[in-house]
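Presented sequentially are two complexes of chain A, the first with chain B as partner and the second with chain C.
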Partner chain A sequence: MSQIITTVGLSKHFGSLKAVNNVNIAIKEGSINGVIGPNGSGKTTLFNLLSGYFLPTEGTIYFQGEDITHLTPQNRVVKGIGRSFQLVSIFPQLKVYENMVLSVIRFLKRYKTGSRFYLSRIDANKEILNDCMQCLGMVGLEDKAQLRSGELSYGDQRLLEIALTVALKPRLLLLDEPLAGLGDVEISFMLELLQRIKKDFTMVIVEHKITKIEDFIDELFVMSQGFVICQGKPSEVLYTPEVRKCYWGEVD
Partner chain B sequence: MIESIMFGLTIGAILYLVSIGFAITFGTMRIINFAHGSIYALSVYLFMMVLPYVQNFVLALVISVVLIIPLSYLIERYIIRPLYGDAVHYALVATYGVLFATTDLIKWIWGTNPKLISVPTKVTLQIFDVDFPLYRLIIIIVAIAVFFALNLFFRKTIAGKVIVAALDDSTGVRCLGIDQYRYFSLVFIIGSVLAAVGGIIYSPIVSAEPYMGFKFVLLAFAVTIVGGMGNLTGAFYSAFGLGMVIAMTARVWPRLSEMMVFVVMAAVLLIRKEKDFS
Partner chain C sequence: MEIKRLANAALFKNTEIKSSPRILVELIIIAVVFILLSFFLGKPRMTDFMIFGIAVLSYDLIYGYMGHLTIGHMLYFGTGTYSATLFMKLVSPNPLLGIIAGILAGALLAAIVGSLVVRTKGATFALVNMAFNYVGFFLVAYAWADVTGGEDGMASFTGTVGPVNLQQHPLWFYFVLSCLLLSFFLLKKITASPFGVMVKAIKHNETRIKFLGYNVHYYKLVTFVIASALAAFAGTLTTINYGYIAPDYLSPLRNEELIFANLIGGAGNIYGALLGGTLYMVMKDYLSIYVARWELVLGILLVVISLKFRTGLVGFLKKHIQLRSGSGR
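Then we have the complex of A and B:
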């Protein structure tokens, strides 16, 4: 398998704090990857570097062989990197289906052309609406398409965010704590959903609830104080002493 | 009393037109755009220059507004856009500089004396036994029409939805791969056009003077804050509400009338400070 995204000597410093420190990772195309680590170990900063919200202090990021270190977030989405956020990032004033439309308008032919597009009606294109409804069906929100997304329950907002990210048709899906704040039933639905879509994407998932996703990931990265201290199959990584020490505080 | 109410509605209408661009820029891009006052003042002076040539109020208004569009684009593209995402005070200082520069430009070209512009129609209407100038009624109607047109724009069009989404969460818009700057330029220009229209239609009621931009941009700031920072419907109500505050205070003590706006703003801020600045 070829590598979809590679970082070389990636570092991000905030003043004297080294949030991400000389990280060299290579994510294989089609694989499901987990990133764990204590709070403040640099997981979300790493995501922000990969998705372009931060520029690295040092280092390079290659996406499918191309140097994307200085690309803006929206151009990375166009290249094929989609991400979800730790705090749900949807547009509460918009209806559920309108959220979806915004996520697919890039694929409209007229998007790149003229000013008429600016003023075209949001529900004018049936094909786009069908795409949106299909994506909503995937996460089980098709009945709620006409609701204002701010009225959805927290769990549904999470699902909507996943649907938004998936609708971008990314090659690489970065999910920042998709299970955070969900109840048990919602967690099992989310896991089942991720299971269903995983064949279509390469995924990197930051998650605290490691036991929930353990069986599901191919490669696990453990971060501590900005470093990737360990990587490999989850079954092996989780039982190495240094991981147990930094993650659970165990010494033996 | 009825006179005061009508006066309040007129000022409210103007405040709304002038504030909407300021409110959108603040709400979507977190930029306090003092250069909005430059657009307001310059458009009035352009209008005075154009009017004698065309001899038609509406035509001169349209021409001046069209002339102001490239200028507002340049301000957005080269002064504000480089500062998106930076701390809020950078843009504040930069656009304040633009406001100073244009004010001096106005003084240099047109002089410091206030200039009078004649009202295009002197017709008055009888409303509840009070003579009310038709022209002021037109101003109120224009503002209400703009309110509904903007609502339609934000509710129905894709561009409108992108802006509403950006008001909620502009980082989120970027992570959808949307080039938000195209849409920001568009709303920036819409806002500038409305400020220009507001400035020009208000100019026959007051007079044009070089510092008018300063005065109105501060009022727009107050409207935006009282309306709820980026809440566009809120801006509509707050503009008319503050218009009433000005009119009612003017009845009692004219010299205090505009100061009262900022007293109200301060009160609203104190009540809401946790919510808005958290």
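Then we have the complex of A and C:
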């Protein structure tokens, strides 16, 4: 299998804080990867670097062999990197189906032409609505399509957050704590969802609740104070003494 | 398969909920209302109101829909006014060509200024726009006084379109009404489109749009140019309407009128813009007759609206009608 994304000496400093510190990772095409680590260990910052939210202080990022270190976020999406946010980031004043519109038309060539994008009515556009409803169906939100998304429960907002990204059909899907703040029922729904879609993506999932996702992860990375201190098969990594010390020792 | 079925079911529901009146019906209703009003308030006065209404609509796109407060919108209104006037004076007296020239000038200036300001938001956006507006005001009122008539302004000359004198009443009233309906139609179209979703999404979460693969600055610029061109359109009508122009039409101080009108009617709603624009003008015209310091009344009204009716009159009415009919959501 070839590598889809690789980082070389990737670092991000905030003043004297080294949030991400000389990280060298390689993610295999088609694999499902987990990232764990205590609070503040740099997991989200790593995602922010990979997705272009921040430029790194040092280091290089290659996506499918190409140097993307200085690409803007939107151009990385075009290349095929999609991410979700740890703190739900949706459009709360828009209806649920309206939230989906920008995602579903992003890679439809038809909507590149002016009149369709600028003048067609979405609430009468079967094509767009159908695509929106299909994506909402995937996460079980089709019944709530007409609600304002800000009125959804937290769990539903998180599902919508993920649907926004998944609808872009990225090659590499970065999910930042998809289970955070969910109740038990919602967690099992989300896990079932991830299980269902995982064959279509290369995934990197940041998740504290490692025992929940351990089963379907191929490769696990452990971060601590900006470093990736350990990586490998979950079953092996989780029993490494230093991981147990830093991870289980500090969290939960 | 199951999803397909559910999607269709929901689509069905969707069309049921969304049976909003056809756009043609809305245009007719608006036309009838303005014509009826003109019998009470007089056609010249209603013409003033409608021109202001177009400016309010244009402001609503940036402020109400895109959520970007600007204090520099009069720059484009005034650019339309001055460009149309100078065009009719120096190139061709045909008012239709003058209008087009004014719109193009406003759009061009907006494209240039916009490419700088769309990188900002919040207070910076508002203030940088105001700064540009003051530059424009200074140029027109002082630096280019030879051409613009400076602080005194200048008379504008409107020719005929073939044999037709556009300025003649009641033709002028109906012409401006058509301009208003056209502007309404345009805004209605674009705010209901995927682009409309983009504009509303920018209001709430610019960052997320970048991570959906869009160049947000580009769409902010497009919105800015459309809104500015529409303001310039209103500006061109002003010069034909009054036959005299002054730097006041380009003054950043007048921007507050647009904000007030938007707040009264309800920002982010094209009906609100029309209602707010009309109400504001009615108050300005009539309140000032009875109350010496009518601005005080306006000020108090605004405090009440911003504290009690955040969604403006249209939002308030909508909520109550929905509660009544029991479909409140």
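Convention: the second predicted complex is superposed on the first by the 232 of 252 C-alpha atoms of A that agree within 3 Å, B and C clash if a C-alpha of one lies under 4 Å from a C-alpha of the other, contacts with A are read in each partner's own complex, and residues count from 1 in each chain.
Following the convention adopted for this analysis, contacts are C-beta pairs under 8 Å (C-beta built on N, C-alpha and C of every residue); 3 or more make two chains touch, one makes a residue touch a chain.
Everything numeric in this text was worked out from a predicted model, so none of it was measured.
K.L.:
Following the overlay on chain A, give me a clash-or-fit verdict for chain B and chain C.
P.N.:
Once both complexes are aligned on chain A, chain B and chain C clash.
K.L.:
Quick one: classify A:Q93 as touching chain B (first), chain C (second), both or neither.
P.N.:
both
K.L.:
Applying the document's definition of touching, compare chain B and chain C: which contacts more of chain A?
P.N.:
Touching more of chain A: C.
K.L.:
Name the contact category of A:K126: first (chain B only), second (chain C only), both, or neither.
P.N.:
A:K126: touches chain C, not chain B.
K.L.:
So, A:D143: does it touch chain B (first), chain C (second), both, or neither?
P.N.:
Only chain C; A:D143 stays clear of chain B.
K.L.:
Of the partners chain B and chain C, which touch A:Q134 in the superposed model: first, second, both, neither?
P.N.:
Touch status of A:Q134: second partner only.
K.L.:
Output check: A:I187 vs chain B and chain C. Expected answer is one of first, second, both, neither. What do you get?
P.N.:
neither
K.L.:
Based on the A-chain superposition described above, do chain B and chain C contact any of the same residues on chain A, and if so which?
P.N.:
Touching chain B and chain C on chain A: residues 51, 53, 72-74, 77-78, 82-83, 85, 89-94, 98, 101-103, 105-106, 117-122, 164-165, 168.
K.L.:
Residues of chain A touching chain C in their complex?
P.N.:
51, 53, 72-74, 77-78, 82-83, 85, 89-94, 97-98, 101-103, 105-107, 111, 116-124, 126, 128-130, 133-134, 137-138, 142-143, 145-147, 164-165, 168
K.L.:
Give every residue of chain C touching chain A within the complex, in rising order.
P.N.:
These residues of chain C touch chain A: 3-4, 6-7, 10-11, 13-15, 17-18, 189-190, 192-198, 200-201, 203-205, 207-216, 329.
K.L.:
Of all residues in chain B, which touch chain A in the complex?
P.N.:
Contact set of chain B toward chain A: 153, 156-162, 164-165, 167-169, 171-180, 183, 186.
K.L.:
Over in the complex, which chain A residues touch chain B? Could you list them?
P.N.:
Against chain B, the touching part of chain A is residues 51, 53, 72-75, 77-78, 82-83, 85, 89-94, 98-99, 101-103, 105-106, 117-122, 164-165, 168.
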